[in-house]
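What follows is a structure written as structure tokens; I'll ask about it next.
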Amino acid sequence: MSRLNERFTKLYKIGLVITFAYFLLVLFYDIHNLGTDRKRYLSEHYISQGVQETGATNLVASVLYDYRAFDTLGEATMILTAATVLAFLVPITKATMFGTPFKSIVNQTVKLIIPYIAVLGAYLILFGHISPGGGFVGGVVLSIIAILLTLTYSVEFSEYIFKPDQKKFIEDIGAIGFVLLGLLGIFTGSNFLSNGQANFGTGNAGEVFSAGLMPFINLMIGLKVSAGLAIIFNSLIKEK
Amino acid sequence: MKKKLLIFILTLALWFVLAGKVNIHVFLLGAIICSIISLMLADNVFSFVQKKHELKGFFKKIYYIFLLISSFIYDVFISAIRVSRHAFEMKPSLSSRTVRIKTSLENLNSNAALVNFITFTQGSIAMDFDHLNRYYFIHWIDVHGEDEVEVKKALISKHEHLIAKIFD
Amino acid sequence: MIDFNLSVRQLFAFVFFIAGIYFLLSTAVGLIRFPNLYTRLHAGSKCLMAGGISVFMGCILLEGISFVSLKLIVIMVFLFITNPIAIHVIASFDNNYNLIPKTYTKEDLDK
Amino acid sequence: MLYFILAIVLCAILTFYRVIKGPSLPDRLVAMNSIGVMFLLVLVLLSYYFERKIFVDVALVYGVSFFINVLIMAKYLKKPGKGGVGD
């Protein structure tokens, strides 16, 4: 009886895999032959009309911050939630880091490359609409400064230079400013977080001050991501 | 103040290189950002320039910096050819040894710069650094006789004089 | 005239690329064949940086004088500063915690 | 240009042998460091292959984040409880 039961469970698993594979095959076949009319694809519209409508030469930025900006708001809120939950879950305020201490040579070199990283992060954030990059990448590069200080010196030195309250404050500015910039679209009579439709002055594509609200939204997301990642790293590395 | 001004000029030059165009908008944006960076980071983190340095001496040092970089690239290629010759031999004939060398440099920046030189010059790696007695532990890859030891010690001391003229 | 100038530049750039690939290949062979950790560190620092410099030099020759070549010089200087520090961190860790028995004798230490 | 990129990728695959086989942890770290720098060179050469010079920015960010990667791995080589190194 037990052998028959085993064989039945094995057959059951194999049948599940086969039915799932068949389902995926049918779905893929349908998606592939969705329609011969190529005008139905949305990506055609983004590629052909995106630069004129939004004024940003980086098409990924025009999708992220103009067409699907509401999606980006949810993604950015996730980092805020993660930082808040980690700050609650790890209540240790004074703790030691394990791991080998570095020599003074490493400290001197880290001092040399910190201004370089700061300028690189600011360039990535503010030129996000005309070059590869954007708010998320620039925020990660800016948070590397705090991570380097934590690694080479200590947690205390890193929290002496960038205070935890200041980091919280900067993250809140990023979160609130994003929503306020979105509300500007409603005041001009169009939808929430609309940029190109609301006639914010798209300017000439390729210049620094162009594409309407897009550089400001990039700045808000950069501040938010950099502060959030620094809080997450500092609270995870404390151990006792 | 001198420190902040120098960091402001360096970061503004870096900003123009990264932006890729020279424009009035780019200059205004860069001036705001570089002033914020130099105000925030100059005192606490970045202590590259000492206060005793004169501005006149700074232009004299550019010649030495150019000399340093050219000797640096020359040394990298020479040592890379020697190591790659060992890699393609039929039987690698390595005779490595570890040596302790005392330095006379006192500044911490110059010690950190010397580590880069020791790691890239002819067949040597800086393994460790002793703070109190100022010893370097150096590993050499191919030293066959006692004569070569003296030659290589003289080479390291030559770089040490060059660095002492710039930083100290 | 311009065409001649461009072809000579391309020739020199390809010479630089081939030299860089020779150094990178010697890095890979050295990392496989050398017997000791410290000798592997020699292969991983010098040959690698020489290959990197020659590839960047070829790119700069192909580009000419513009902002892109200045950006490449910035990456090159950044690699110059950071790569010896990474090698030094690995070597000093290994020296402190005695992973591999040290090979030097007392005579070497007294010099 | 494509052959140069393929040659550098071949060098990286040869170096990957030391990552698998290496008897101790620092051996693997050295091999991983050299693989990272090789792929940075590949990124720079790819921007020339596609003739879009603006992709050099990707190499800039990759170089910064890779240095941090090596530093963090070198910091936590030692296990906290024991005196030696766990392989």
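Think of it as A, B, C and D in the order they're written, each chain with its own count starting at 1.
The rule is short, and it goes like this: a contact is a pair of C-beta atoms (placed from the backbone, for glycine too) under 8 Å apart; a residue touches a chain by one contact, two chains touch by 3 or more.
Here the structure is a predicted model, which is why all the values come from computation and not from measurement.
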Original post:
Does C-D or A-B have the larger number of C-beta pairs in contact?
Top reply: C-D
Subject >> Most central chain, judged by mean C-alpha position against the global CA mean >> reply: D
Subject >> Between chain D and chain C, distance of the C-alpha-averaged centres to the nearest whole Å >> reply: 13
Original post:
Quick one: chain B and chain D, Cα centre-to-centre, how many Å?
Top reply: 23
Subject >> Whole-Å separation of chain centres (CA-atom averages), chain A against chain B >> reply: 36
**OP:** Provide the C-alpha centroid distance between chain A and chain C, rounded to the nearest whole angstrom.
**Re:** 34
Original post:
Taking each residue of chain B in turn, which ones touch at least two of the other chains?
Top reply: 14, 18, 115, 128-129
Original post:
Residues of chain C that touch two or more other chains: which are they?
Top reply: 29, 41, 51, 68, 71, 74, 78, 81-82, 85, 87-89, 92-94, 96-97
Subject >> Junction residues of chain D, two or more chains touched >> reply: 57, 60, 64, 71, 74, 77-78
**OP:** Can you check the complex and tell me which residues of chain C touch chain A?
**Re:** 78, 81-82, 85, 88-89, 92-93, 96-97
Subject >> Complex contacts: residues of chain B adjacent to chain A >> reply: 7, 10-11, 14-15, 18-19, 23, 25-26, 29, 33-34, 37, 41, 44-48, 108-109, 111-112, 115, 128-129, 131
Subject >> chain A - residues contacting chain B, complex >> reply: 103-105, 108-109, 111-112, 114-116, 118-120, 122-123, 126-127, 149, 161, 207-209
**OP:** Mind listing the chain D positions that touch chain C in their complex?
**Re:** 4, 7-8, 11-12, 14-15, 17-18, 24, 26-27, 29-31, 33-34, 37-38, 40-41, 44-45, 48, 53, 56-57, 59-60, 63-64, 67, 70-71, 74, 77-78, 84-85
Original post:
Which residues, counting only chain A, touch chain C once they are in their complex?
Top reply: 100, 102-103, 105-106, 109, 112-113, 116
